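You will see two complexes here that share chain A, one where it goes with chain B and one where it goes with chain C.
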Partner chain A sequence: MKNKKFVILILIPVFIYQTIFMFLPILGNAVISFMDYNPLRADNVFIGFDNYVKMLGDSVFYKSLINTLVFVFVTVILNILISLTLATFISQLKSNKTRSIFRMIAFLPCIAPIVASSVVWLRSIYSTNNGLLNLIIKACGGDSINWLGSSNYLMISVIIFTIWADIGYNIILFSAGIDGIPNEFFQASEIDGAGRWRQFFKITLPLLGRTFAFVTMMTLISHFQMFAQFNILAYKGLGPQQSGLVITSYIYKMAFEHKEMGYASAISMALLAIILIITLIQQRSNKVDWEY
Partner chain B sequence: MKLKLNRGVSYRLIIFVVLSLLALIIIIPYVWMLSNSFKTTAEILTKPGNVFPDDPTVSGYEKVLFESMFFKWLRNSLWITTVTTLAVLFTSSLVGYVFSKYSFKSKKILFIIMLSTMMVPVQATMIPMFILINGMGLYNSVWALIVPAIFSVFGIYLCKQFCDEIPKEFMESAKIDGAGDMLIYFRIVLPQIRPALGALGIFTFLDSWNDYLRPLIYLNSTDKMTLPLALSYFNQQHLTDLSATMAASALIMIPVIIVFLLFQKQFIKGISMSGLK
Partner chain C sequence: MTFCLSEAKGKEMDMRKKLMSILLIASMLVTLLVVGCSNQTTPTATDTSTASGEKIELTFWAHQEAWNNSYKKIAEEFTQKNPNIKINFEFFPYDDYQSKLQTSLISKSGGTDIYELWGGWAVDFASTGALAEIPKEMATGILNDSYPSTIGSLEYDGKLYGLPMEFNIECGGMFVNQKLLIEGGFTMPTTWDQLIDTAKKATITDGNEFKVKGFDFVNVDSVTYLLTEMILSKGGQYLNKDGTVNFTSEQAKEAFSTLADLVMKDKVTNLDGLTIPGALEGYQLLFSDKALFVPRGPWPIAEGQDTFGLTYGKDFTYVAMPFYGDNIAFAAETGWALAVDGNSKYKDAAFEFLKYFYSDDVLLQHDIYCSMIPPKKSISQSPELIKQMPFAAPLVKILDKAQYIGNFNTEIFKEAINTTFVDYCSGKYISVDEALKKLEEDLNSNLY
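And now, the complex of A and B:
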């Protein structure tokens, strides 16, 4: 259809709005990263690449970057392995009802506010004296573990929590992918005598290719941005010896606790760069496309 | 469903048992939250292993409901979430309709530019946004959370996909009958894309209800807080009172769990069809 007036009437406000709340902030962030910006000060000056130079020499930044990378890669790999396995298992169940009940249960933690879940794990599951995990360990004769208070265990604890809180999404996405594979493929392979493992690796996995790439990228991107559970499970967003400090927490702290917004912007540009690189890699690999 | 292969009941039984155990693990934290929320602090300390409280009490819930600003927080959350969700549904469907059904200059490139912002992490815009919100005088107001959120690129994308499915003839015959662009939007487009709106509404509701980072940045005083922010505040205020904290957590989860149970079919469909979270 054509109606220039109507299109302009709708799109002009949209682009004004997008400019104010999206394009300008993206640009503004880049500009602020070249400034010594403190919101409480009247004049803020440009300092060139100083913030970036500072970042490259900042051991806390590297610490947060390493923590983030460890968290993201361990969590994402485990998340995908577990959710793909569970989705495959669920799809092999006979009754439609049981299948949807299992998917629903797995999805529960995804809809509950992550702050509420974090608080529950902080106070009722991970707490040293009367947390459920330590109660179980002690009942089995083990020594209780300081889950959140020791630098050895903090990241492991957050990873376990995050997998619990987030696999539901991917289970549903993988389930949809598996349901989309024509049943004849499985029947034919069964006639040929293929076992379950062979079916999984020769049919399910290859035909899930696109879903798999998509899920991996979305999970990677979302995990790089996780913040709430670190803010609550790691004491003051840091944890012992900064073992729970991730890049998002560091940006938040720099910007809103230390009021060093210029420096925080520079760090957020690093995060943006990481996410951009993942997106580009994904788009590259997506070019190899096919249908079944 | 697809796998209707008949290969031994025992295999399926094993899978069922494994899945049931995992389902139990997923549910246990909630059970534990409820259990602790009905215990007295003394019982939590002396008999931490009890699943069913010896001496069940609702004092934790009373503390949350009557001694904190719970209803104020609930109202803030409900207000922000409702306005945001309705606004997103309206803007997404309208703009999605325009991008899908109208032809105009550089439509493709405009759409791509818009879509490209979907990948930008919150952290890469939150500092200028904070300065902007401050400058607009919205700091510490619920509008700081509503105004920048009434528009969703993901929503537009989803609605456009669904509008693409509406046959051209529908629109054309309506046009011939003299219907204007807005009338077509209300009478034809909205009813046709209802599944998309259902899914989008649920996603937006959840995102808005569960958001933590933006309230943390924009809200400052206790009476302006949303529920998740208030919970983390409440938790710090009640470090010794576990049952009240668990009661507060349960109270925050209940509305979303109700919404989920009511709409779970649309939920699961919505996620699979959008392919996006």
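And now, the complex of A and C:
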């Protein structure tokens, strides 16, 4: 009883914090989404569902939605595949020190501010004339590619950058998950004659279930909200033929360039709903109910 | 005995853990309280009253630019004449400045007393009370002596909310790379056809890359200004009487096709200026000997001299650009202006400074320093101006031919035109008609 009271006491500040900094802003956002809201105006009118109706008929919103879904699913799948593969290789290394060094190298892009990294890639790697990628392509006899100025390549460029900037975190998580698998399972499987691949698919992957579910969920949520690299790598946050426009960029554009904060709030509520639905689906499909 | 001891130790550990948890929670609560209750506002003005008289310190926000030295000089001169008023400056990188200004005007506190304000932004703020109304006496003088486009965005409901510092002109003049002109054996074009012909001959490409662009007009401003100038100079009009736009006239279709052909058929430039973030501007390419003709206002001249170390007249010049049609007519938006925060405690002092700034001698010297064209009719034809800024000669002759671009957010206007232009050149639309119809619909539903 005493412990219960103590636990409640400890949790109250956390709930207050969550209420002030998470729930109230979301509620405020929801209220604004029903208004024709310009923060510079003294009077802002309640317009009901007009913003949502406008959104349903907005071709630019659909374009941003498609771009977002393509970006999220391609990047998350590649991110998880690459980070899991690299984590597995790193875990195979014998020396603890070597494993730590490789994990540190993989994690370095994660600690660099994403805006700064984006600018470096913009100027030094993706530059059409003197960028590193085009220098390599031209050295191999090819023609330079307009990485950021072509609608065919812009999204690919952003995906490559995002994977580079983000896999480090998931490598650490997967590494921790792999390290947590008791060695006895692998020893037993070796005795039974299982090879490396079989061990990976029959032991490592299943026992990484919880880690996998957590990594997938967190990566999905974070990728839906990504904004900085699109703002920097896509011209005016749009790119040619709006190929770089994602939902977060559209929210920013509507709120701060068009000053239509009510409409921007409606789009952000739509984004919230999308993330919620996808996360719920992902949670159900990745239900892990056994332990080792 | 052992059991009693370990139970006691266990209880002690529990107590320590509870104490640690309480301390952690308490520190978090204190932090929350401190953050929540702290005064977030930056004082916009300091009242350092003394027994002898009220001393006022005003804060002036502007973006980082070579012309900040001119502001400081003018402020020092003003303080010498008005010792009780001191002006403190805060300069911000241009890319951050608009959002900084916007955020401060949205919040009723945390701003400044005097803003350097781009006219195009003022459209959003003039109607909201965020900016202080210019006193009537001062406003009458400004309205009578200013070219219409220089005050268009600063007016609302018959009142003025900003003081124009320049005539923003992006038409009528262009930069020329003298080295490329002479080495290519070209002569300075005096007609539109000569301009395009020379540009085509001067363009050099290597595969997908441009080594030299003959006529680089693809940037955030020039596509819009050229398009509107081409429409107006052919006797057309893109602005309806009710304020809506019309881009489906014959003049508009001809103008749009001509510009698109410069990219797609004549290939005197490409779309990099509107598709690649951070790409060098046309005038910067010209200063690097990578472009021959670039239509722009005269304001980058200082950059050519200071940053690129070039000599005006020898390495590059600024000349009259031939108009597309027979009429001399073009659109201009309201340029840089000064405005006073509607919530400033020291509006009177701020307006004293603005009044001083707007006096003929002071404004003329400021505009000469910044290579800007004056917004005042009384000084725009000044012999001193032409002597100090010979490149301004072709521009001051046509100032009265300008029409105000329109009372809307020009960023949205230009973005819509630029997007349509890029999309058309990239093959998104089957015809010019389709592209311009979409542009017109988008603008008329989004501009107001």
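What we mean here is this: the second predicted complex is superposed on the first by the 260 of 292 C-alpha atoms of A that agree within 3 Å, B and C clash if a C-alpha of one lies under 4 Å from a C-alpha of the other, contacts with A are read in each partner's own complex, and residues count from 1 in each chain.
Just so it is clear, a contact is a pair of C-beta atoms (placed from the backbone, for glycine too) under 8 Å apart; a residue touches a chain by one contact, two chains touch by 3 or more.
On a predicted model such as this, the values are computed, not experimentally measured, just so you know.
When the two complexes are overlaid on chain A, chain B and chain C occupy overlapping space and clash.
In the superposition on chain A, A:L135 contacts chain B only, with no contact to chain C. When the two structures are aligned on the shared chain, A:I32 is found in touch with chain B, with no touch to chain C. Shared-chain residue A:H258: touches chain C; no touch with chain B. For chain A, the partner that touches more of its residues is B, with chain B and chain C as the two candidates. When the two structures are aligned on the shared chain, A:S268 is found in touch with chain B, with no touch to chain C. Shared-chain residue A:A228: touches chain B; no touch with chain C. In the superposition on chain A, A:P240 makes contact with chain C only, not with chain B. In the overlay built on the shared chain, the residue A:N44 is in contact with neither chain B nor chain C.
In the overlay built on the shared chain, the residue A:R123 is in contact with chain B and with chain C. With chain A used to align the two structures, chain C clashes with chain B at 92-100, while the other stretches in 92-100, 110-118, 200-208 or 254-262 stay clear.
When the two complexes are laid over each other on chain A, chain A has residues 6, 10, 17, 20, 39, 119, 122-123, 129, 232, 256 in contact with both chain B and chain C. Across the complex, chain A meets chain C through its residues 6, 9-10, 13, 16-17, 20, 38-42, 119, 122-123, 128-129, 143-144, 146, 148-151, 232-236, 238-242, 256-259. Taken in their complex, chain C has these residues touching chain A: 18, 21, 25, 28-29, 32, 36, 99, 102, 105-106, 124-125, 128-130, 207-209, 271-272, 274-279, 409, 411-412, 415, 419, 422-423, 426, 428, 446.
Interface of chain A with chain B (complex): residues 1-4, 6-7, 10-11, 14-15, 17-18, 20-26, 28-29, 32, 39, 86, 89-94, 96, 98-100, 102-109, 111-117, 119-125, 129-130, 132, 135, 139, 164, 169, 172-173, 175-176, 178-179, 181-183, 186-187, 190, 196, 211, 214, 218, 221-222, 224-225, 227-228, 231-232, 248, 251-252, 255-256, 261, 264-265, 268-269, 271-272, 275-276, 279. Across the complex, chain B meets chain A through its residues 1-5, 7, 11-12, 15-16, 18-19, 22-23, 25-30, 32-33, 36, 44-45, 48-49, 91, 94-95, 98, 101-104, 110, 114, 117, 119-132, 134, 147-148, 151, 171-172, 175, 181, 206, 209-210, 212-213, 216-217, 227-229, 231-232, 235, 242, 245-246, 248-249, 252-253, 256-257, 259-260, 264, 267-268, 271-272, 275-277.
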